[in-house]
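You will see chain A twice below: alongside chain B first, and alongside chain C after that.
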Partner chain A sequence: MTKLEAVIQPSKFEDVKDALLEIGVEGMTVTEVRGHGRQKGHTEFYRGREYTVDVLPKVKIEAVLPDRLVDSAIQAITNAARTGKIGDGKIFLSRIDDAIRIRNDERGETAL
Partner chain B sequence: MSAVKRRYERIYLNSVYRTMSSPATDYTLRAYYRQEFERLRGEFEANGSGESSVRDRTAVVDKLALQLWEQHVVTCASSGFALAALGGFGRRALFPYSDVDLLFLAENEALRGRMKDPVRRICQEMWDIGLRVSPTTRTLDDCARFDQDNVEFTISLLDCRFLTGDAGIFDRLRETVLPQLVARESDVLVQRLAEVTRTRHLRFGNTTFHLEPNLKDGPGGLRDSHVSRWLGAIAALDSGRKRPESLSLQHDSERNELMDAIEFLSASRCYLHYRAKRDENLISWEAQEELAAKGIATNLGTISSAEWMRLYFRHARTNYRNTTQLLEQVPGDRSSLYRSFQHWRSRVSNEEFSVVDGRVYLQQAVGARDPFVVLRLFTFIARHGFALSLETERRLKNAYRALADAMPQDARLWEHLRELLVLPHAAEALRVMHSLNLLTRAIPEFETIDSLVLRDLYHRYTVDEHSFLSIEVLHRLKNNDVEWLQPFGELLTELERPDRLFLALLLHDTGKGLAGTDHVHNSLQLAAATVERMGLPPDDAQTVCFLIATHLEMSSTLRRRDIYDPETVRELASKVGTPERLKMLTLLTLADIKSVNPEALTPWKAENLWRLYAGTANYFDRSVDEERFHAEVCTEQVERVAALLPKRRSQLLKFLDGLPQRYLMSHSPDQVIQHLEMASHLRKEPVQLGVRRVSGQHELTVVTAERAGLFSTLAGILYGWGMDITKASAFSNRAGVIVDSFYFKDRFHTLELNPPERERFKKSVVEILMHEAPLDPLLESRLKADTKPAKLKVETKLRYDDESSPGSTLLEVITQDRPGLLYTISSTLANENCSIEVALIDTEGAVAHDVFYLTRDRMKLTREQQRAIEWALTTELSDSLPSNW
Partner chain C sequence: MRLVQKFLALFFLLFLASALTAQSAPSQADQIAQLQQQVADAKGSADNAWMLVSSALVLLMTGPGLALFYGGLVRKKNVLATMMQSFAMMALITVLWAIVVYSLCFASGSGFIGGIGHAFLRGVSAQPDPDYASTIPQQTFMIYQLMFAIITPALISGAFAERMKFSAMVLFMGLWSLLVYAPMAHMVWGKGGILNASLGGRFPTLDFAGGTVVHITSGVSALVCATYLGRRIGYPKEPMMPHSVVLSFIGACLLWVGWFGFNAGSALSAGALATSAFVATHFAAATAAIGWAGAEWIRNGKPSALGAISGCVAGLVAITPASGFVGPIPALLIGLIAGVGCYLMVARVKAALGYDDSLDAFGVHGVGGTIGALLTGVFATKLINPIFKDAQGNALPLGMIDGNFHQIPNQVVGVAIAMVLATVGTYIILRVVDFAIGVRVSAEQEVQGLDLTQHGEEGYYWEVSLP
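After this line comes the complex of A and B, so read on.
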């Protein structure tokens, strides 16, 4: 099993969610986050007031997947979230040892 | 058969079944209880009566308790020891899976110790039978003691009922101990009861209107009827002391209404218990479907779940209102300062309404039959936040038929509503109006969402409550201390006409009550009918309809678009049209999200909404001359104006040619026609003036031929007359016709108090513009008079923008507002030989925010020119402050 964490533009969340559902990823955890990578941030003005926008709004999606779905999930996310501009986001992958469904103690991939 | 079972059989034969209609010798008590339980369930399914179901279960459990007492206590001793029922059991209202509360009452500690074992056995056997027992053993002295940390026990004694044992000791509890205790501690008891109830209501957001309500603990649930009962019991036991009128029982009609509500809730709760096979009190969506399909608690047969929920909310509202009316009469444990404040509040009484202890009374009973008095009453509530007195509410209910028939739905309604909506307690006033069925009489379109439940995982409240809540959310912005909401609060104070936004909020979801999937379209249709009937002026009606038609636009943009993409901002600005509408739509979006459920608006979402707003507002300021009107490309706005002037279409197009699109967006068709009319008279009178009052301010419109320094001269004239300019705009068309508008406050009420001065003012403007009179004497006399210090110091900021406009350099000036500021800035710019192509002048409190589109010799400004202007303006703006500032 692999844990996938994708940090994406908020405006791409709906498309990414639909793309993941389409390939069979049904469970995910979604968090509203702020951050920056190379995109850094910029300064904005509104009515003379200066707003330093050093961390930008992002959405983080977390999902634990059976290994067979990992490549297609990566493909689905990149296709749906890519604009080609700085700030499109990142995907992180890590190994997961086990999963347990609390309701009935199922373990491993069947618990996903 | 085990020994235990045989023993039970003997018990059954010898005692319990003596009172039963059909004894069956092989039953254990457990089997007996199961059979009786199933019998009661069957009877409930047949007759649907909640009241008889809970009463009959009480009788069954009574018999079991009696039997066990016979078995375990009588043989030991029963003198000085008694068994009583508490809680729902005490009230003879034992729901199918409710706990059985028992009080073992001992005369003294010694007896309590001696009876410990029989009590344990009784409880153990009751558990074995399948009853969830909640026992307590107390001496009379325990019961007489008031424990601040366990007020619940004293309150539970209010429901105590004798079951068996020593009747004498129970009588001493009921007739002596309890009355003395209540008489001694009634104030604390009532206050703690009120406190616990208010905390419980708060847990549910103080509203009945949850999509999946809890019919026991939620506001308007059965617990509220218990609270009313306890307050009544305390009042009865403490009859020597004078209590508020409402702590006694209600009028007959109210009592009947309340009894209907309790029966409805009881029957529904029985069903939920049988359905879940446990003490389940949440009316989930699935349960709603079943309750409606089976017509539980109604005699209507199968109905839709929406109809069933409407009935539920009606009954819960009755119950909730009754309890809150009672609670509001209970003074909190407040300081004398608070009491003084309450007393002060009563001073707002007037010739129509009086306020006593925070409740509003009609001065004249006959007023309850007059819809305009009643509308003023709701406005009074919206202004001060007082609750209706019971007496007033009764009068309104009694006069309902006459009131409903006479309730205005036309422009007279809008006159009252527009005042009410902008007042701080508007949502509360609307809720009261709705609970009395008067809101739907005034606005029939609102009936579509009366107590309407829409099923999704996101919304928590019914649609009508969501609408009220959205209005409340906006009003609360004014005094909120949440940092991330403060910019929105400031935005609200900047609105020119917030009444239109609040009306849009009230109506924005009415379409959810109609068939079809496009609720926005449906809401728009209903709102169009409402605003037409209420006779809103065309501009107001269009604004309200626009807000409803686009109320999901910003949410959708936040979800689906990159808010930092200039194209996203440009598209939104194009849809919204004007900065004022953008402000309203931003606030509507915020209120709409926040009133979906308490967690729906996160700081993250609010921040994104604010950034989208700020980006679009900046775009408006920086793109005015980007899109100018061309006669060959007619927009919808132009066609709307042209339709009113079919014979002058070409003249109109010529006038509009070259004016920025923002001119069209920010002026109503009537105003455009007026400007056209003024422009057509320029040959006869080269300076055309219009002065009118708008929202407590004056508007001066000048249409004339382009000339150097015109804008600064006008600013100077207004300053010379003592006027305080709050907003201004300057536009010009391709033919060189200028349309300058100034909104100003008449600081010294010159025009209001002296009608002849109005003509002298107009004459002065024309003469100075025509160089027939000098400006300087007017300015000098004013400069001498203006020495008032400012209350706030704002650092002056100047920013140039060479990117946003293709032909002009933008200069943004943020500085301390002060008399004559606009004249100082514009004359400085004129002295630097700059032409003001467009000016957008705004004032927020003490801060002036001005944007000028500048050219020199029809070109953008060079760096050197910008530096020279910056130096001149910085010098002038610091010099223009009186020395003591």
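After this line comes the complex of A and C, so read on.
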């Protein structure tokens, strides 16, 4: 099993979610987050004072996938979230040891 | 059948009534006197209706107007504490007003402060006080003036937002209302006040609705508070953006509406002068919003919502002393000058001087009030309000455009007295309160936020929240 964490532009969230459901991803967890990579921030003015806002709003999608779905999920996300401009986001992958369904103690990929 | 009986009875009564009146036909003089009384009563009722509405409008400026305007400008952890500073005035000043502050403002006294003739509102009844407003009950005048006494200290709270103890704020405001507001209101508007323009003061200062009394005193006191308390922790390095310009936006729009009661109500009657003040008020707010937002557009490339609403408030402040003395076109000009002037003060001069007037109470009210008070000396005209009269009752010129060059020095005297009184009074009160209970919260409390540490609650309880 692999955990996929994708940090993307908020405006691309609907497209990415639909693309993931399309390829058979069963569930995901979504959070509104703030952060920056190489994109850095922008400036805002309040009564003449200039503020640099360097953590920008992003959406983070987390999904734990059976290994057979990982490549197609990456493909789906990059296709849906890419604008080609700086700030499109990143995908992180990590190994997952086990998963447990709380309702009935199912374990492993059947619990996903 | 019953119907016919009823009609008959009615006719009989009417016949009886007309017979009786015919018997005791009053003299023509009596009839005229009666009519005059009825006309006076009708005018009194009309004036009173407008003044009660105006009183409510001015209260609306403090809560929710100012509370929202200021509440949106602070950080999330201080929103309730900031709103409470305005709301607390609605309760506290009301009580003090009834006990003695109304009397100190408006009872006969010296040139500098009123006496205690109206303490506990003694003698404040349905009878008008002709020196102030001859057509409305003195009780209406009293409640209307109270709303001014409430908003004035509330305006100061913008300067020490996010760092003053609630207890110290209450004590400070109570003393300020007694020692700064009461003398200033008496000097400008009270019987025998040395600056009173309509009752023959020594230096007649034209201040229709409180440019000196309300905005210069509060604005200058705000500057003294900001420097005495010192900067907020982290200012100016840490970002301290308004947590909700949306709240401020609603607040500013309510201020704009409430200001019609503030300025047009200051005619103390419902006639043409009230209309003139209403019009001037509205026009100045419009150009001031354009002035501030336009200045931003030129400097930063974008006109901001916060800039537009800050500008409108600055214009409303500046037109306050002038509203009942100037025509609509000078009002447009006064607003524009105030909008641009206050923007430069807040965005340029404040940054250069380095004081932390959190919500720009000085930059908007002190500067806008001064601009307005001085320009009143320029644009006031007898065509709008013939307040100065010679012995024969002919209208005398008011401002520079009327050809009266002595009015600007008088305005300067009024402004200077307001500034000196506010500076000295505020400094002394701050020292006393600081000595007694301390004015500033601890560094730890300041970081945690005043909502939690001063009031034990939070403005927004969300399960997940970003700072």
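Assume the second predicted complex is superposed on the first by the 109 of 112 C-alpha atoms of A that agree within 3 Å, B and C clash if a C-alpha of one lies under 4 Å from a C-alpha of the other, contacts with A are read in each partner's own complex, and residues count from 1 in each chain.
What we mean here is this: contacts are C-beta pairs under 8 Å (C-beta built on N, C-alpha and C of every residue); 3 or more make two chains touch, one makes a residue touch a chain.
Here the structure is a predicted model, which is why all the values come from computation and not from measurement.
**Student:** Between chain B (first) and chain C (second), which, if any, makes contact with A:Arg34: first, second, both or neither?
**Tutor:** both
**Student:** Considering only touches as defined above, state whether A:Gln9 meets chain B (first), chain C (second), both or neither.
**Tutor:** Once the two structures are laid over each other on A, A:Gln9 reaches chain B alone.
**Student:** Of the two partner chains, chain B (first) and chain C (second), which one does A:Tyr46 touch, if any: first, second, both, or neither?
**Tutor:** After superposition on chain A, A:Tyr46 lies in contact with both partners, chain B and chain C.
**Student:** Quick check on the superposed pair: does A:Thr83 touch chain B, chain C, both, or neither? Answer first, second, both or neither.
**Tutor:** It touches chain B, and chain C stays clear.
**Student:** Which holds for A:Phe92: it touches chain B only (first), chain C only (second), both, or neither?
**Tutor:** A:Phe92 sits against neither chain B nor chain C.
**Student:** In the three-chain superposition, say which chain, chain B or chain C, touches more residues of chain A.
**Tutor:** In the superposed model, B touches more residues of chain A.
**Student:** Intersection of chain A residues contacting chain B with those contacting chain C?
**Tutor:** Shared contact residues on chain A: 34, 44-48, 51, 53.
**Student:** Where on chain A is chain C touching in the complex?
**Tutor:** For this pair, the touching residues of chain A are 34, 44-49, 51-53.
**Student:** Going by the contact rule at the top, pick out the chain C residues touching chain A in the complex.
**Tutor:** For this pair, the touching residues of chain C are 236, 239, 241-242, 296, 299-300, 302, 304, 306-307, 310, 343, 346-348, 350-351, 360, 466.
**Student:** Once bound in the complex, which stretches of chain A touch chain B?
**Tutor:** Against chain B, the touching part of chain A is residues 9-11, 13-14, 32-34, 44-48, 51, 53, 56-57, 83.
**Student:** Can you check the complex and tell me which residues of chain B touch chain A?
**Tutor:** Spelled out, the residues of chain B in touch with chain A are 558-564, 602, 604-605, 607-608, 611, 614-615, 617-618, 797, 799, 812, 814, 844, 847, 849.
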